[in-house]
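Note sheet for the following structure.
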Amino acid sequence: MMIGGETKAVEALRPVFEALAPSPTTGWGHVGPPGAGHYVKMVHNGIEYDLMQADAEGFAILDAKEEFGLDLSQIGEIWRHGSVVRSWLLELTTAALAENPQLDGIAPYVPDSGEGRWTVFEAIDLNIAAPVIGLSLMGRIESRDEIEFADRLLASMRNGFGGHSITTEKAIDNG
Amino acid sequence: MMIGGETKAVEALRPVFEALAPSPTTGWGHVGPPGAGHYVKMVHNGIEYDLMQADAEGFAILDAKEEFGLDLSQIGEIWRHGSVVRSWLLELTTAALAENPQLDGIAPYVPDSGEGRWTVFEAIDLNIAAPVIGLSLMGRIESRDEIEFADRLLASMRNGFGGHSITTEKAIDNG
Amino acid sequence: MMIGGETKAVEALRPVFEALAPSPTTGWGHVGPPGAGHYVKMVHNGIEYDLMQADAEGFAILDAKEEFGLDLSQIGEIWRHGSVVRSWLLELTTAALAENPQLDGIAPYVPDSGEGRWTVFEAIDLNIAAPVIGLSLMGRIESRDEIEFADRLLASMRNGFGGHSITTEKAIDNG
Amino acid sequence: MMIGGETKAVEALRPVFEALAPSPTTGWGHVGPPGAGHYVKMVHNGIEYDLMQADAEGFAILDAKEEFGLDLSQIGEIWRHGSVVRSWLLELTTAALAENPQLDGIAPYVPDSGEGRWTVFEAIDLNIAAPVIGLSLMGRIESRDEIEFADRLLASMRNGFGGHSITTEKAIDNG
């Protein structure tokens, strides 16, 4: 819990925060004036988007190395203990992979809840480059794009020069 | 044509290059020692990947602004004359959009011919950042990824915390 | 010129647009309702940011290949005639490199005029991924960042694990 | 420790691995055939680059919000307890910020040890998009680039159209 507000108001509510937090002295704090709490929570979520994306890319690279026949949840389990990349999100990832190793039946469709967008807008407004947070957001947007106009246009442009053949949708449907 | 080789060898072949080039004095040149011609051609193709991606993203943003009912090939036609973004690839793009405004039947599947990869590897080896060329390559790779392991894993992770619901593939198939 | 407005108003001003455009019939158009003209011009500028970035990365990769001793303006001149990457921005690039091959005295400081930001915000609001346009904007922002907090923090973090040594600013100043 | 090798060889060395690992049963594992251990370690490091970049961007965005006067190490301390982004790297980050809140004297110069490059090359060879890992590597490369040819060229191009003024290096040196 990241609390923003006037000091007087925050102090008055201290017993509430101490009761709600994981422990009375940690897991919450008065971080600044009104608005600061939401701001800090927003940035937290922006970071979260990219931490998730990092794990996802890494396990996808492991998954693709078929010749090694890697057990992804075993690797996550090793990394959970003593590695540099250990994190709470890695624990979730490992649990997900243990339960459903090939992620069967889960669509590659990733919603976003708005705070990642807000983080990117704030970064740009503040003149701070946030390339990987920005890209993690865009990756989620792309995962939900059913039209894929840009990729269709690229395929069409490639056909315009050099006579590269276009893959028709029918060919894709037929596998 | 970008020719690499010993000066003596290139001069001996000058009549050939002059005959093949768009004009005897332009469109070809002796750019450096053996290997230089392929290197310059490689970078040309790396740039090409991102020029195409830029146009594709721009027209996708125009296409998505439904309330304006924009005619994309009309806009391409305007931009071809006197705008800052005029280019040969814009001419191809405009022609493609004029012929097939909604890109019907064209799959969002974008091959790459290898020179973009080589450009990215060279940039990294030379310690030169090439973020948009690299990303244009990765976008093409992503367009052809049928497994989409990373996005499936992200969807699964989101479910692990906060109880965000997962979109099942069945739901996607049913529209 | 990309004109937005009511048809009646645009038609009344037709003689003005025809006089201002590169030619009466090309280089301008009535693209949609009020607001549409600014919107199309905004996307034009977003594309422009990335077209520039593509050329800049490409020539930086050529410049770094010291063993070939490439003449960048010669290469730009060859590409201007008949290559896939020919564009008006390439002509500017080539002229800039011919006049000042090593770009002496020009600071790596790249302003942005606001329309690139607006393009990125619109893309996100419309749920269209625009990764290379977004990254081109962020690259410009980064070029002007004098604090570089993120990179300082990365250097500090590397020191925290593995005992990687930190480069002090004094060492950098001393070359 | 991620061990690759023939099962017989790994079993013979089991007592060694059990002695070296954080605990006999966790923190190490036989992940696959010869080469698999290095491969998994390589991907670990690729993920690490981006986890670090995510934290660095997030704290840079917090640092830039001057009106809130945020205490970055306090925020790191809160996030360490119960937040979604808690990780070992966050602990290092928090310690670094507690010790040196403004990162005084630390140059924005970020080395890389080669395994991030290898991860990016492998991803591309396997046709797996790894945009944020790739970008984290490129950001490190950029942090060490003293020439900044691409940004100089962008500044020069901007001057070529529209007459945008160029910032000279002298002006930058004078603040």
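Going in written order, the chains are labelled A, B, C and D, and every chain counts its residues from 1.
By our rule, a residue touches a chain if its C-beta (ideal position, glycine included) is under 8 Å from a C-beta of that chain, and two chains touch if they have at least 3 such contacts.
Everything numeric in this text was worked out from a predicted model, so none of it was measured.
Under the touch definition stated at the top, chain A and chain B share these contacting partners: C, D. With B-D and B-C as the two chain pairs, more C-beta contacts join B-C. Distance between chain B and chain C, defined via averaged C-alpha coordinates, is recorded as 16 Å.
Rounded to a whole number, the gap between the C-alpha centres of chain B and chain D is 27 angstrom.
Residues of chain D found to touch two or more other chains are 53, 55, 57, 60, 64, 84, 89, 127-131, 135, 139, 142, 149-150, 161.
In terms of which chains touch, the assembly is arranged so that all chains touch all other chains.
Within the complex formed with chain B, the chain D residues making contact are 84, 117, 120-121, 124, 127-131, 134-135, 137-139, 141-142, 144-145, 149-150, 161. Taken in their complex, chain B has these residues touching chain C: 1-2, 4, 21-23, 26-29, 31-33, 35-36, 39-40, 43-48, 50-51, 53-55, 57-58, 60-62, 64-65, 68-71, 74-75, 77-90, 119, 122-123, 126-133, 135-136, 139. Touching chain A in their complex are the following residues of chain B: 52-53, 55-57, 59-60, 63-64, 89, 92-93, 95-97, 100, 103, 105-111, 131, 135, 139-140, 142-143, 147-161, 164, 166-172.
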